[in-house]
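Some structures are shown below for you to check.
Both of the next two complexes hold chain A, though its partner changes from chain B to chain C.
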Partner chain A sequence: MFHWLERNPFFFAVGVFLVIAYAGVVTILPDFMESARPVTGTKPYTVLELAGRQVYIKDSCNACHSQLVRPFKSETDRYGMYSLSGEYAYDRPFLWGSKRTGPDLMRVGNYRTTDWHEYHMLEPQSVVPGSIMPAYKHMFKNVADIETAYAEAFTVKTVFNVPYDQADMPKLGTFDEAKKALMDEAALIVADMKSQEVKEAFKRGEIKEIVALIAYLNSLK
Partner chain B sequence: MNWLNDNVNVLALLGAAAILILTVGVSWKYIQQMKTDKSSGELAKENWDGIGEYKNALPIGWALSFLGTIIWGLWYFLAGYPLSSYSQIGEYNEEVQSHTTKFETKFANPDQTTLMNMGEGVFLVQCAPCHGVTGDGMNGKAANLGKWGNEEAIVASILNGAKGSEYPLGEMPAGLLDAESAKAVAAYVMQEVSSVKKTKNPALVEAGRALWATCAACHGDDGKGMAGSAPDLSVYGDAKFVVNVLGTGKKGTIGNMPKFNDGRLTNVQKTAVGTYVSSLVK
Partner chain C sequence: MQARDALNYDYSVAKCFTYATILFGIIGMVIGVVIAYQMAFPELNYLADEYGTFSRLRPLHTSGVIFGFLLSGIFATWYYVGQRVLKVSMAESPFLMIVGRLHFWIYMLTILSAVVALFLGIGTSKEYAELEWPLDIAVVVLWVLWGISIFGLIGIRREKTLYISMWYYIATFLGVAMLYLFNNMEVPTYFVAGMGKWYHSVSMYAGTNDAMVQWWYGHNAVAFIFTVPIIAMIYYFLPKESGQPVFSYKLSLLSFWGLMFVYLWAGGHHLLYSTVPDWVQTMGSIFSVILILPSWGSAINMLLTMKGQWGQLKENPLVKFMVFASTFYMLSTLEGPIQAIKSVNALAHFTDWIPGHVHDGTLGWVGFMTMAALFHMAPRMYKRELYSKKLMESQFWIQTTGIVMYFSSMWIAGITQGMMWRATDQFGNLAYSFIDTVTVLIPYYALRATGGLLYLIGFFMFTYNMYKTMTASKAIESEPQNASPMAA
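Here is the complex of A and B:
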């Protein structure tokens, strides 16, 4: 029945390749096409949020906190809706995390607020008894690096076509425009904070790392 | 060891015995056949280093299972995998569905004790990070729930205003009434409007009724908040009032309270939190 195939090893190999390739096409491609697109409503980070994200990475928050809610009831009860790959479209790099020493932060913006983060970063045990998280007091002293954050946004806009400056998307513009928008955004957060040091620094035109970090955490929804 | 008490063990042992008997039987048959068989028939064209192959018809059972595998393979490639494969989200949805059904049946008509226990559990997870494990607001980091939802709290709201609940009629400004009038209105609200129906200052109720017009502009003549335009005061002191706050969130003089309307809490759980929080009021 298949003697002709056995006599033609080349075509036999081509046949095997086609069958296996088909399996790859039907299993991998449809998922890829659908889930790799940005989810509706996903927006690139503003410059202030990017500055906060850089603080988050610099201080290795992702070493203890993942940003990936898995589709299990036990997880969605605690952290909210499970994550979709399209939600990470503008995350460079993604901050999934491989280990949860602390809770997941994928949607922390839904259930924690500016003032809570302020208490928590200053002294975690004051709001979460028994927490093993260290205090991050230096964030109230260090000034956020706005220039680098703007450079990052400008780079991903230019190189990867991240949709800044488009309808319903965050504005980027020139550095001066971005700086002005960023000060307005920071003003709202500073107004909700208690620290006099941060407020006075803001009046001098300085944005402390804590302000940027809170902007970033509040944006995680 | 009672190995045979376990169905799986019994099946495994039976299977092992069957395989042993079949192996011995089949081997014996072919060994006998090899002793007597003579080779005959037409040789196929291919010849590998002197080793030939007879053109034998396929054994019927083998041919059928081969064909069956091909048909199954086509179905699996074209329909089985693409249309009805395992999906993690599908399993999650089933998990949630079955939990929801179980939850709704079990807590269709929860009694007070159930609500209190459930409320305490949810409170410790969702509310304690800001309001503290005991609900005392942790030295002013959030509202002290022991001083919230009673007559003094109404006076405080009138004097300090109430902000950030995002009701259509806007925020309640501070100082609408002076301290004495506020006390009278609080007495009126507790006695006549709220679900508590009891005041510490019954003498002030009539004075409060006379001043109610200031409040009625937003809360309505009956205090029900004019169909959601302002907070409904007729449920003040009741779990429902807490449920309303969970739905709107708050942005007051102390800090921000997020909304709890993203599906994290079911309606029963919200009522449970309301019952528990109401019980904290001193």
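Here is the complex of A and C:
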């Protein structure tokens, strides 16, 4: 049979494809619907948080930070409750990471505050002596991309039925409505920050990347 | 013999991809060394403003070496080996020549745009699949062109039976095509919402599902880029360079079909103790252990090919590179399954032991084999002898030292870190704060970076040797049959 396959490239290729596709079909497909159900209480991200999530991805925070608490006492002591599948129901993409050069951030919103993040992103060693994390000063200069964040929320609502605008869920509405809600949300964060640059930009109606990122980090609970 | 003389193989595309291999090898490895030193000396993060932080550069390093250096290496060897094992010249088909050239230029454009995009932070965050949808489409186009090249050449072949290397090239083509397509399923947001950045997209899968698809891809990208085409290379170049027949046809059959079936199950070992279903995790563990069989099957087949000919290791540095590559392959395919066992993974996951494992495979197995292949091809493509054997010998030892420094420091760092994360004091409280587990690693990070630097220096020696071979070495009259001619 193998000699025959080696002389018939078409059937050889079909054979190889069937053999390599087998595992994916068996391991991925059966649980696909099950694993995607949200845990009660899990809500989709607000537009500001999504904008922050996009900053998190843009600067590859996930290269050094995981978002997955494994079910060991040493991890739950350090980071809080271990992760449940349904908590990730609105994470597109998932951001579990594969390396902890820095600590896990799955529940960082429970134990860090806006001002801590501000100091930390400006000068990590000021709050964590010995830290090898770089400063991210450019996040205080770059403006967050609200339109793309809204586009993402609108897309997941339309295409994947993510429950925005439903009872007890975040409101999305039109872009103008979303923008207004977002400014109110951002105002609370800016009020807790020290940076004059960020405050003045906010008065002009601009939201810096750092504000969105902090909103996202605070939402991780 | 007559048929061989009559054929004039066309190496123009193979040469283009050889240059690309060297270019992207330098870019990818330089970035790798920079980010390795950044971990020991964080001030190095500020060399290029926001474009020079570790986090921005890390995807550039991984994509640069995987899709820049290695993929061009794979294509270079394909455009060389394919013609020879099928006994047909590309020049016989003007169509295939056009496809080959187009393949090269679209590839270059895609990779260069990818470099720019990743510098700007445009990406999806999925490891080794960071590119956004417009670049994904470009990747699909260049992959289809490669497929046309493979099956087109097969269509006009003289040698009817496909040699072992051909099996592996075909598997590379099919495997990566399947994995890449499914993992990069995404919805461009601009076309749904009519606002925001046109190139932004959102993944088709959410949370745990996304993780499963990603690591089914991520692990098997390793399989079908770091392993399968490298085996294609060694099955051609080692017997050719040493003049020894492949030890066992049956062993190569078992290894090939075994590898194809088993590898794809193992992705689950990246998700142990995560929220994916427990049975998937256990399957991932078990199949990872079984994976030793086909992996060692290929490696042992190659080592036994050298049976009774070990003297060649002393005389021919190319054979040495390839035998060491095979040995490193055995090492990393033993280490991988060990890390995939749940209790070991509980300790090793998220630590530096993982990048350590990746690098003994990539630097030792993938890097050595790719460079040996290009060294073997050079005298045949440029009709000149290799420039310097002595340089090659020093390169070998410098790089081997670098690899050993790299993986031993990362093993120690990883296990230290894993143990410290879980250590408790006499009252059962965590003994260390997180930062304690970082600062303790800095000496190992420095050692690792220096290991990487040695490897990079070796790569520059390789580049210089290749450059001199192409331009200044002694011309040879007839094509060498086996051992590549080289000046002392």
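Here is the rule we use: the second predicted complex is superposed on the first by the 185 of 221 C-alpha atoms of A that agree within 3 Å, B and C clash if a C-alpha of one lies under 4 Å from a C-alpha of the other, contacts with A are read in each partner's own complex, and residues count from 1 in each chain.
We take it that contacts are C-beta pairs under 8 Å (C-beta built on N, C-alpha and C of every residue); 3 or more make two chains touch, one makes a residue touch a chain.
These numbers were taken from a predicted model, which means no experiment stands behind them.
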Which of chain B and chain C A:Glu200 touches, first, second, both or neither: neither
Chain B versus chain C as contact partner of A:Asp165, first or second or both or neither: neither
Contacts of A:Thr114 with chain B and chain C, given as first, second, both or neither: first
First, second, both or neither for A:Glu6, with chain B first and chain C second: both
Touched partner set for A:Gly80, first chain B, second chain C, both or neither: first
Touching partner for A:Ser126 - first (chain B), second (chain C), both, neither: first
First (chain B), second (chain C), both or neither touched by A:Asp192: first
First (chain B), second (chain C), both or neither touched by A:Thr101: second
Touched partner set for A:Thr27, first chain B, second chain C, both or neither: both
Of chain B and chain C, the chain that contacts the larger number of chain A residues: C
Residues of chain A contacting chain B in one complex and chain C in the other: 3, 6-7, 22-23, 27, 71-72, 77-78, 128-129
Chain C partner contacts - residues on chain A that touch it in the complex: 2-3, 6-7, 9, 12-13, 16-17, 19-24, 27-28, 31-32, 34-36, 54, 57-64, 66, 68, 70-72, 74-75, 77-78, 83-103, 128-136, 138, 142, 145, 147-152, 154-156, 158-160, 175
Residues on chain C engaged by chain A in the complex (per definition of touch): 38-40, 42, 45-46, 49-50, 53-56, 58-59, 121-127, 151, 154, 160-162, 167, 170-171, 174-175, 178, 182, 187, 189-190, 192-197, 200, 202-203, 205-214, 216, 253, 257, 260-261, 263-265, 267-268, 270, 273-277, 280, 283-284, 287, 346, 349-352, 354-355, 421-422, 424, 429-430, 434-435, 438-439, 442
In the complex with chain A, residue positions of chain B that touch it: 44-46, 58, 77, 81-82, 85, 88-89, 91-92, 95-96, 99, 125-126, 129-130, 133, 138, 141, 254-258, 260, 262-264
Residues of chain A that touch chain B when the two form their complex: 1, 3, 6-7, 22-23, 26-27, 30, 71-73, 76-78, 80-82, 110-116, 119, 126-129, 192
